[in-house]
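Below you'll find the structure I mean.
Going in written order, the chains are labelled A, B and C, and every chain counts its residues from 1.
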Amino acid sequence: MHQRRSWFVLSMLCFGFAFLYVPILSMIVYSFNASRLVTVWDSAHSPTLVWYSELFRNDEIMDAAGLSFRIAAVNATGAVILGTLAAFALERFRRFRGRGLFSLLTTAPMVLPEVITGLSLLLLFVVLEPLIGARGATTITIAHMTFSMAYAIVVIQARLATVDRSLEEAAMDLGARPLKVFAVITLPLIAPAIASAWVLSFILSWDDIVITSFVSGPGSTTLPQYVFSKVRLGVSPDINALATILVLIVSVAVFIAGTVMMRRDQRRIRDAQIALGAGG
Amino acid sequence: MHEVQPRSGATAGSPYVRLEGLTKRFGDFVAVGQVSLEIARGEIFCLLGASGCGKTTLLRMLAGFETPTAGSIWIDGVDVTQVPPYERPVNMMFQSYALFPHMTVAQNVAFGLRQDGTGKTEIAERVREMLAMVQLEGYEKRKPHQLSGGQRQRVALARALVKRPKLLLLDEPLGALDKKLRERTQFELVTLQEKLGVTFVIVTHDQEEAMTLASRIGVMRAGEILQVGTPTDIYEFPGSRFVADFIGSVNMVDGTLLEDEPGHVRITCPQLDCTVYVDHGVSAPPDAAVAVAIRPEKIQLSRDRPPGTDNVLAGAVVGIAYLGDATRYLVQLPNGFQLRVTAPNVSRREERFDHGDPVWLHWHASSPVVVTR
Amino acid sequence: MASGSRLGRWGVIALPYLWLAVFFLVPFLIVLKISFSNVQLSMPPVEPALTWDADHAVHLRLHLSNFAFVLSDRLYIEAFAESLLIAAVSTVISLLIGYPMAYGIARAPGTWRNVLFLLVVLPFFTSFLLRVYAWMGLLGRAGPVNGLLLKLGLIHEPLQLLQTNFAVYLGMVYSYLPFMVLPLYSAIEKLDLTLLEAAADLGCRPTKAFFTITLPLTREGIFAGCLLVFIPAVGEYVIPALLGGPDTLMIGRVVWDEFFGNRDWPVASALAIVLLVLLSGFVLLLQYVQSREREA
């Protein structure tokens, strides 16, 4: 089929990608600028790595990063567990009482403005204070899990929908009980989605500022909180360095993911060829 | 309630599989309505019907994937109605084969045995034996997506049979195969079944599949079994218009009983403009409205008028379809009614008819079937 | 599934359901309750709704004053209106940029498509906060945008680009673009190309085919993308906080300031409830669109 390459579409593509990437690239470039006035290029002393070394010597940032990391990891694991259960229920159970409400509860956190969910969670934690103590890392993790779960459900349910029901029925027919079927048949088949959901939840938690601000307490400063309070006052070169490092990590991860996907596609094509080569 | 007894071919003694008043309702919709059936051990029983007739639902109830709304299922004397699928001595070959994509062929076949806790050496032995039986030795390490359609089916078959189930259910087993493969697989299936002695229940919408494979067929429609019998019974002695029309092609005409004797009946058919004489009796009230079914291959064409007055008609050829092994004619009677006639091409020098040729049709008195429903 | 026992099923649903009920539903009820209360100097700075008096009689006080205040004060009404406007305009701009992008990616040949898709997704994974920060750098008085304009001689002194509504629009479209592109891409990719071939065969020009076939058939993707941008954009806080000026009144910021600045929890709660009610129609619409798509 002929491919009509419209110049309009092509130029919009270029414009769109430029729009997306110029700010990111500018941040990276300025991270090597020796001048403290981030955007005024100090050609005498640049490029330099001085902000990177300052970054690693800054205990506050390092602690905040560590906290964010721990919270994000716990949150991702919890979100994926809850998300798998919920996705399974939504996808496999035809009708149950309260399904409409459940479905709504699993979509809303994704979409509602964070000030609403943050505010409401803070109020809940205030009420629960005698039970769970002061606000801090725990409340942040709980809050993150609540909205991460919504995203995890979307990813996992989408994959679960493509799993052939007859595979699960065949397993049962051959003698496996429902729990065994889930562990041995369903889970391996949705594993990629679970992994994606974990990564997605991690990133959402790592990145979150609004909800975190509402539900955090003294002594639990996450990385976004630190960055936010700093940039409210204006641009700062160590933030640029931080940004560059994060972009680098993400790019490497995306590159690896992309290569893995391509490798898998190639293998699938090869397998199909083997099958075709075989006789009836 | 339709309680159907097997006419012939069933073994004596208690039935191996027994369905009693089996019903399945989805809300107001009755998918299967009060089906009672008996299947003998070692039979190949085929449920035949169009899509939506309830045959798949019935099969799934046998497997345990649907809970009956009413009725019971007995296998080898045990009531299995409430038994979950993983505890039934029943195995199924799915229409899509449902091979586990992340497992090898050997692992797929071994799956059922592992659930039973069978020992490793025994599993390996039985898997090897089974794969040899379906002619897939050497394919143990392959994954499903590295196999062709026919090979996948054989893995599915091996996987279902390796547990030596009491009952094997097959859902449209030949549907996904092309014609040549289908013929080969038909014979392979029957041979395998005879060797292992497993009771088969097959569900299909394909008459040819049913006629070739089954020792007995149950024709289903709208959740009910209309008739059960051997392929010969079903074809030669259909019990209703629907069954007559469903299997093969048929000429169906309405008529009224003129004479009703134990030894013969005579029916007048306005559509045919002749009387039909049938050489056996039917059970129907006098002057009943009946239908007469005559199979196309039972009608003979000739240029000269055959003797007798019953079962003789005149017409003209209006359609010809040459099929190689036979020729199908469409013959129109003076009153406009059309009959289908199939004439085998027995010899090259046999006379053939052309468009517009006047012909005489006749059939033997044993050929028509009188249908009262 | 005939074999899953009822108890087993409830076991699966129970955990996530309970979690969401406790950590999502109950909080909203609390917000509702507080929106009916009065502020007081305490921690929490809210008067209790239920009180006992000496005769052991229970009094339930529900103050509607917060809502009356919120719905009548010009400041709040303007904030709501401006939030809706900014969100709507941002959504439209995102759609105008996002649709051609999604179309280009969906129609790209094999490997290119995967690469482009990953490139769209990548910014989504880098910190949202940092990407907004990037614009702070670009739009500053000493920043490269002003620098370029000065060099080209288009202006004689740096423009005030930050702390303006313009910056807010820019930031909004920038941050939410991936949310628009992804559902659009998904919808366009599912389009059956043979439909367009049939149209061409019947004499339809490409532009006309686009408007009469492609656009209507990707309608659900468009709805999903617009809703996924509009709903959170209305209550956005970070972008107006960092890029907006003192007169950029967005409701997210107002709620934040009432809550943290004024410590007036009841009013903040009332605002949140009104915002929730305002958006609930859209959220239900999104639910409907997504369930329709899942059935298809």
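The criterion applied here is as follows: a residue touches a chain if its C-beta (ideal position, glycine included) is under 8 Å from a C-beta of that chain, and two chains touch if they have at least 3 such contacts.
Treat the numbers as computed from the prediction; the structure is a model and nothing was measured.
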Next item on the list: Identify the chain whose mean C-alpha position lies nearest to the mean of all protein C-alpha atoms shown.
Entry: A
Item checked: Furthest chain, CA centroid comparison against subunit A -> B
Check: If you tally contacts for every chain pair, which pair is highest?
Finding: A-C
Note to self: Rounded to a whole Å, what is the gap between the Cα centroids of subunit A and subunit B?
What the structure shows: 55
Notebook entry, point to check: So what's the Cα centroid distance for subunit A and subunit C, whole Å?
Noted result: 17
Check: What whole-number Å value describes the gap between the mean CA coordinates of subunit B and subunit C?
Finding: 59
Note to self: If a residue has to touch 2 or more other chains to count, which residues of subunit C qualify?
What the structure shows: 1, 3
Notebook entry, point to check: Considering subunit A alone, which of its residues make contact with at least two other chains?
Noted result: 172
Next item on the list: Name the residues of subunit B that each touch 2 or more other chains.
Entry: 64-65, 84-86
Checklist line | Footprint of subunit A on subunit C - complex, ascending | finding: 1, 3-4, 8-9, 12-13, 15-17, 19-21, 23-28, 30-31, 34, 44, 97-98, 100-101, 103-105, 107, 109, 111, 114-116, 118-123, 125-131, 133-138, 140, 142-144, 147, 174, 177, 193, 197, 206, 227-228, 231-232, 234-238, 241-242, 252, 255-256, 259, 265, 268-269, 272, 275-276, 279, 283-284, 286-287, 290-291, 294
Next item on the list: Mind listing the subunit A positions that touch subunit C in their complex?
Entry: 1, 3-4, 6, 8-10, 12-13, 15-17, 19-24, 26-27, 30, 37-40, 82-83, 85-86, 88-89, 92-93, 96, 98, 102-109, 111-117, 119-121, 123-124, 126-127, 142-143, 145-146, 149, 161, 172, 178, 203, 206-207, 209-210, 214, 224, 227-228, 231-232, 234-235, 239-240, 242-243, 246-247, 250-251, 253-254, 257-258, 261-262
Check: Which bits of subunit A are touching subunit B when the two form their complex?
Finding: 164, 166-167, 169-177, 180, 185, 188-189, 268, 271-272, 274-276, 278-280
Check: Can you list the residues on subunit B that touch subunit A in the complex?
Finding: 63-65, 84-87, 90-92, 94-96, 98, 100-102, 111-112, 115-116, 142-143, 145-151, 159-160, 163, 180-181, 184
